[in-house]
Amino acid sequence: MTRILPKNKLDDCIAAWQKAGYSVLAPVQRHDMSSFDEVQKASDMALDLILTERTIKDHFFPQTEPLIKYKISKHDIDSETMTPPDKKRIFFGVRPCDASGLAIDDPLFGWDYKDDYWFRRRNNSVIVTIACAEADDFCMCTSVKLSPDSTKGADVMLRPLASGNGWQIEAVSERGTALLDTVSPLLQESSDQAAPVPQVAEKFDVEKVMEWLADPANFESQFWKDISMRCIGCGSCTFLCPTCHCFDIQDEGDTYQGIRRKNWDSCSFALFTMHTSGHNPRNAQSTRWRQRIMHKFNYYQGKFGVNSCSGCGRCTRQCPVDMGITETLQAITNLPR
Amino acid sequence: MSESFEPKIVAFVCTYCTYAGADLAGTSRLKYAPNVRIVRLPCTGRISPMFILKALQKGADSVLVSGCHPGDCHFAAGNYHARRRWTVFRALLAFTGIPEERIRFSWVSAAEGAKFADLINEITEDTKKLGPFTQYQELQKVIETQSSY
Amino acid sequence: MGIQEQYRSEAAALLSSGEVKLVIGFGPGSTADRRRPLFARTPEEAEKLVLDPACISNLTTYLVAGGLLSDGKKVAIFLKPDGIRSLNILVSECQVKPEQVVIFGYAIENNEIRPLSGRSIGDFAEIGSKIRTATPPPAVQKEAERLEAMSPAERFEFWKEQFSKCIKCYACRQACPMCYCRRCIVDVNQPQWVSTSSHTLGNFEWNLVRAFHLAGRCAACGACDRACPVNIPLRLINYRMGKEVKEAFDYHAGESSDQKPVLASFSQDDPETFIL
Amino acid sequence: MAKIGVFVCHCGENIASMVDTATLVRKISEHPGVEVCTEYKYFCSDPGQETVKRAIRENNLTGVVVAACSPRMHETTFRKACAEAGLNPYMLEMANIREHCSWVHSDKEKATEKAIEITRSLVEKVKRNNDLKPISVPVTRRALVIGGGIAGIQAALDIAGAGREVILVEREPSIGGHMSQLSETFPTLDCSQCILTPRMVEAIQHPNIKVLTYSEVESVDGYIGNFKVKIRKKARYVDINKCTGCGDCIQKCPVKKIPSEFECGLGNRTAIYTPFAQAVPNVPVIDTTRCTYFKNGKCKICQKTCQIENCIDFEMQDTFEEYEIGAIVVATGFQIQDTSLYGEYGYGKYKDVITGLSFERLASASGPTSGKILRPSDGKEPETIVFIQCAGSRDPSKGVKYCSKICCMYTAKHAMLFAHKNHHGRSQIFYMDIRAAGKGYDEFTRRAIEEDGAEYLRGRVSKLYEENGKLIVRGVDSLLGKPVEVAADMVVLATAIVPQPDAKETAKKIGIGYDEYGFYNEAHLKLRPVETATAGIYLCGACQSPKDIPDSVAQASAAAAKVIGLFSREQLEREPVVAGVNDATCAGCQGCIMACPYNAIDVRDINDRNGNLIKQVADVNPGLCQGCGTCVTFCRSNSIDLAGFTEKQIFAEVMAL
């Protein structure tokens, strides 16, 4: 016997959480785009999506975030730090890859300087993951040693029932346990079986990839030029990636006042490494694509012991020229050794 | 609309015709609404659509773009180029919901001080009727506040 | 011999004779229904070229990629009519020398590939003249009309929602063959006309500037629209700009390669009903 | 760090009465970067300017804003003051708080608020101004005079007399213009030909004047001191260098019944013709629309008659000549209005209703009647002539709004001439007012009335019809308040003076402005009456507005003085408000090149060290650039900018509003 959350209790569940002071965010399809956004009822949710187009990263590390408000006067600049609100949030229906992405990024935002913006939101959030019932051609979680039912990054794990009537529900962290306590009357004990987890084939051998990347001889390999020739240098893969975390600090304002903001930035952009002098150490798209792969599967691993990829496959799924991590890592796997 | 609403109007004008026309309004002591702020450019050809967007961001409720009558451009053809740009930019603004009534274009010659004064009064009155351009100004306010999560 | 095979062998011949240094075409994509750009530098690589109705991208984008044509050597490229139209614009804007481009023209009609005869841009005058009479996709036209029937406030709300999705990844810009600037205006920070932040205001500005810069220069290939990862209906705004230059100035972008840019030219009789 | 000085002028009471200058000074003093802010009664006065200069020196100011009148008024004054204090003169901005603020508002609080905003935004602009240096351009000391009428001839002679080269272009086969058609001229009654012909000859013989007749200006490029003018020399079919002017060809030409334009249709000319006997040059042209050879491919009698080999050349083509020109005088003259639009006057319907210009031909000794006033219909001498003044002028409903200025005088002259030639003749003149301002003019009209019996009837003509060989003119004598009816033998209409029919096209070609009618705009009606808004282009004669001969000649000499003044310098200093290209970011789309109204932008190759082409970029010629900034707005990548109005400056200005 396991505890289940029946589908017909989901509305009550949301209501209970809202009563407990939470905002509930779930996959929604709005304005021709799927993303996580606040919901009021179960019918607002788009839980059947394999994956939302946007990741939940947006709600922890937004695309643009005000940091400091400043006012300029003749002899002074007054500034005021802007902090994210203390708002309790539940992310319901997060896919394991997206949840993993948060866990992958935690060490980055906390290793030297604890990024208050990230952690305040992390600490105020409960991640309710739903194991995948379906995968598509682009899914590659298994290739990065995760799985369609991974609990990494999750506080509560849901597994869809084969009957389709609800989910097996299990707290996988203290925060998760606390959350379930708020709705325990709505949960039932049942022997219903969970739906089978989809088979996601391994598309590349990540060990072999890491080994190849680690060899300094390959840094200047022609391989990078050939594989990235198609890349048009947009930031779509990085901005839709659940783990990409580069940002830029910009001051925006007029003569009298302004706001210092933290904005997403992308290693795909030529300007990312452009020096004031005009010199650009990554002066070709191939070096930028190499940086992205190296960062994810070499540098990050070296610093934090984990690869900066959770296998969601969005990079390929949304790429205007059908590139992506999978193709590159497949190619590296298949390189003659 | 509240009685006290005083619209902010930004005018981008060429120095040879409309700026001079505004000067003439001054020397003729014609009275007009104090709501307009004039930005002087050498020619309408120099007036970039970006100016209009920035004026809106800075809270302009209406924008006026004005220069020499066709054929009278001090720079021979600057106003003809400008006219094309305006046609296109205006269509773009209209299509994205920025009301045409808020972005006005005119030819005011150096001799048309009265036309300038009348025009400013007319735009001020019209803008008072339209009310503040809150829809756009709201976007600026959003920037200044922290996200709700 | 099918058209795919014919073009493959012609491409291989051009490469082996050294007439072209590169063939830009299509190869198999990551899934059965995807085709991806393929760059063939050898006759062997040319054998991997694919041409079928899934080859919908506008490859001219790659012609203006940094320095490709600066050595004066020739490049062959697979182009649909919209690509030919883009090429016309690029030639008229001095970005591509027509003699450097060998065209493998094709059209997709009723889910089939039809070859277009001719190999250099001058051979495709007919494609240019067809633009005058071409009708826009009915879905686009209908949606644009729906928007135009709205009140300005409603339209503003529509675009506000659409633009609020924008993440400033600039996929629209990077995918567009006309966005060949070495430095885009959004990357100018002194002064910062377009806020780099992707808040709705910054997104509004970016999208307006992008559309304005493409007015009279858009070949309606749809690359930006397809590239947008957050599904902003850029096609609508491009269509509206195209319609404006057509109706106001009888201008049809990409009609020929010696066209004058619409915003760098004028007629004394241009309409001005809106000017007070 | 910017150290800006702001100087708030009271302009006596002009500003201070409507703008609270104390508040303005206080607010601006608080603005970042403002080092000094003071107010004074008149900053344009000597002590005022001294204050500015002292402040610049004592505070090492990096920029100055004078909040006062329009920059059009005193920008030059304060730029000079800045320069004298060691500050680059372009580090100055004028905040116009007078014309644009105190004079046009009546709410002091709002006007003050506006003045603060205007000043602030210019402080932000001036912070971003750059040191600019005036641009020197060479002056080509050769003038082009367009139009070979009396005005053009006079201007050409004056310029040539000062030792400068002149190209005089006339589109008709001969110079002389309308003046050559006139009989005697008011108020002295000298014969027009007698005073004009020597001038025509002087012009063509002058070593400094190159007369190009039967030629038209094709295009004008460039700018003051450096115009490039292309001239189309229309094919005459007669070699101007070979022709001796014997006139045999004209004698023999079989096509003889072509109404002569010069004679207003009252006489005929041949297909190969000179417009009039004293034509300068005395070289005929072939009218290809009438010539039998050109129509039917056969004839060539003129060629056979001509004793000079290859002088008449039927294969001749239009040719083009290009000249480097430093200044242009436009003297394209006028036309008379087509009077057929007045149906009630019967012009075109009745042969004996003629225009004033036709009357000139009748009265001219060299005219079709050898100076006898005869009716065109039957060649009889008229007894009674009715003159109708303002036949088109001062009539907003059908004609033109303005006064044609010369008609009062020439009508009086016509009446006088008629009286002199026909002692029993009666002249009856319908008029609105007699406008006879000018030296000897009023005396002249009095003489017409008192000595030569001209009868003036104040009123307008409502109807004109023919009855028993007489023209019955009905009108109202508004002084008597009674209808009048006159049986006339001839009616002369004082038709309106209008611009040349192609005046607007010509203006566009040359690059000057024109009014609603097509008369050319002077830069300032009172203070710069012979200059146009385009530097280096001047006006004289009736192309600017209707004028008589004395005024045309005076204006021609004035225009010539301007040209001579310009030509007194080898170099011209120009405002450094010019565009410049950022090579690094220019994408080479060449849109700016196409957009530039002055062809001031060219392509420049950027090569690597080995001479291989990397890319092509736009390149502005600062000598040609006039600083309109059209290119800046066109440039999508912001790779071209305009000194004095840079993107940074305007951005700051707008963002400070």
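Labels A, B, C and D are assigned to the chains in the order they are written; within every chain, residues are numbered from 1.
The working rule: a contact is a pair of C-beta atoms (placed from the backbone, for glycine too) under 8 Å apart; a residue touches a chain by one contact, two chains touch by 3 or more.
Just so it is clear, the model here is predicted, and its values are computed rather than measured.
Undergrad: Could you see whether A-D or C-D has the larger number of C-beta contact pairs?
TA: Of A-D and C-D, it is C-D that has more C-beta pairs in contact.
Undergrad: I'd like the most central chain, judged by C-alpha centroids against the all-protein C-alpha centroid.
TA: Closest chain centre to the overall C-alpha centroid: B.
Undergrad: Return the distance between the CA-based centres of chain A and chain D, expressed in whole Å.
TA: Distance between chain centres, rounded to whole Å: 71 Å.
Undergrad: Give, as an integer number of Å, the spacing between the C-alpha centres of chain D and chain C.
TA: 48
Undergrad: Between chain B and chain D, what is the separation of their C-alpha centroids in Å?
TA: Distance between chain centres, rounded to whole Å: 32 Å.
Undergrad: Provide the C-alpha centroid distance between chain A and chain B, rounded to the nearest whole angstrom.
TA: Averaging C-alpha atoms per chain gives centres 45 Å apart.
Undergrad: Among the residues of chain D, which are close enough to touch at least two other chains?
TA: 508, 584, 595, 634, 647, 651-652, 655 - these are the residues of chain D that touch more than one other chain.
Undergrad: Out of chain C, which residues touch more than one other chain, so two or more?
TA: 185, 192-193, 195, 197, 199, 202, 263-265, 268
Undergrad: Touching two or more other chains, which residues of chain A qualify?
TA: Residue numbers touching two or more other chains: 252, 254.
Undergrad: Should the pattern of chain-chain touching be classed as line, ring, star, complete or other?
TA: Here the contact pattern is complete, since every chain touches every other one.
Undergrad: Under the touch definition given earlier, write down the residues of chain A that touch chain D in their complex.
TA: That would be residues 72-74, 254-256, 278 of chain A.
Undergrad: Name, in rising order, each residue of chain A that touches chain B in their complex.
TA: Spelled out, the residues of chain A in touch with chain B are 23, 25, 59, 62, 65-66, 69, 82-85, 87, 89, 121, 252, 254, 259.
Undergrad: Could you list, by residue number, the parts of chain B that touch chain D in their complex?
TA: 6, 8, 10, 15-16, 19-20, 22-23, 25-27, 29-32, 34, 37-43, 45-49, 51, 54-55, 58, 60, 71-78, 81-82, 85, 117
Undergrad: How about chain C: which of its residues touch chain B in the complex?
TA: My answer: residues 144, 147-148, 150, 152-160, 185, 193-195, 197, 199-202, 204-205, 207-209, 211-212, 215-216, 237, 240-241, 244-245, 248-249, 262-268, 270-272, 274-276.
Undergrad: Taking the touch rule as given, give the residues of chain B at its contact with chain A in the complex, in rising order.
TA: Result: residues 58, 143-149 of chain B touch chain A.
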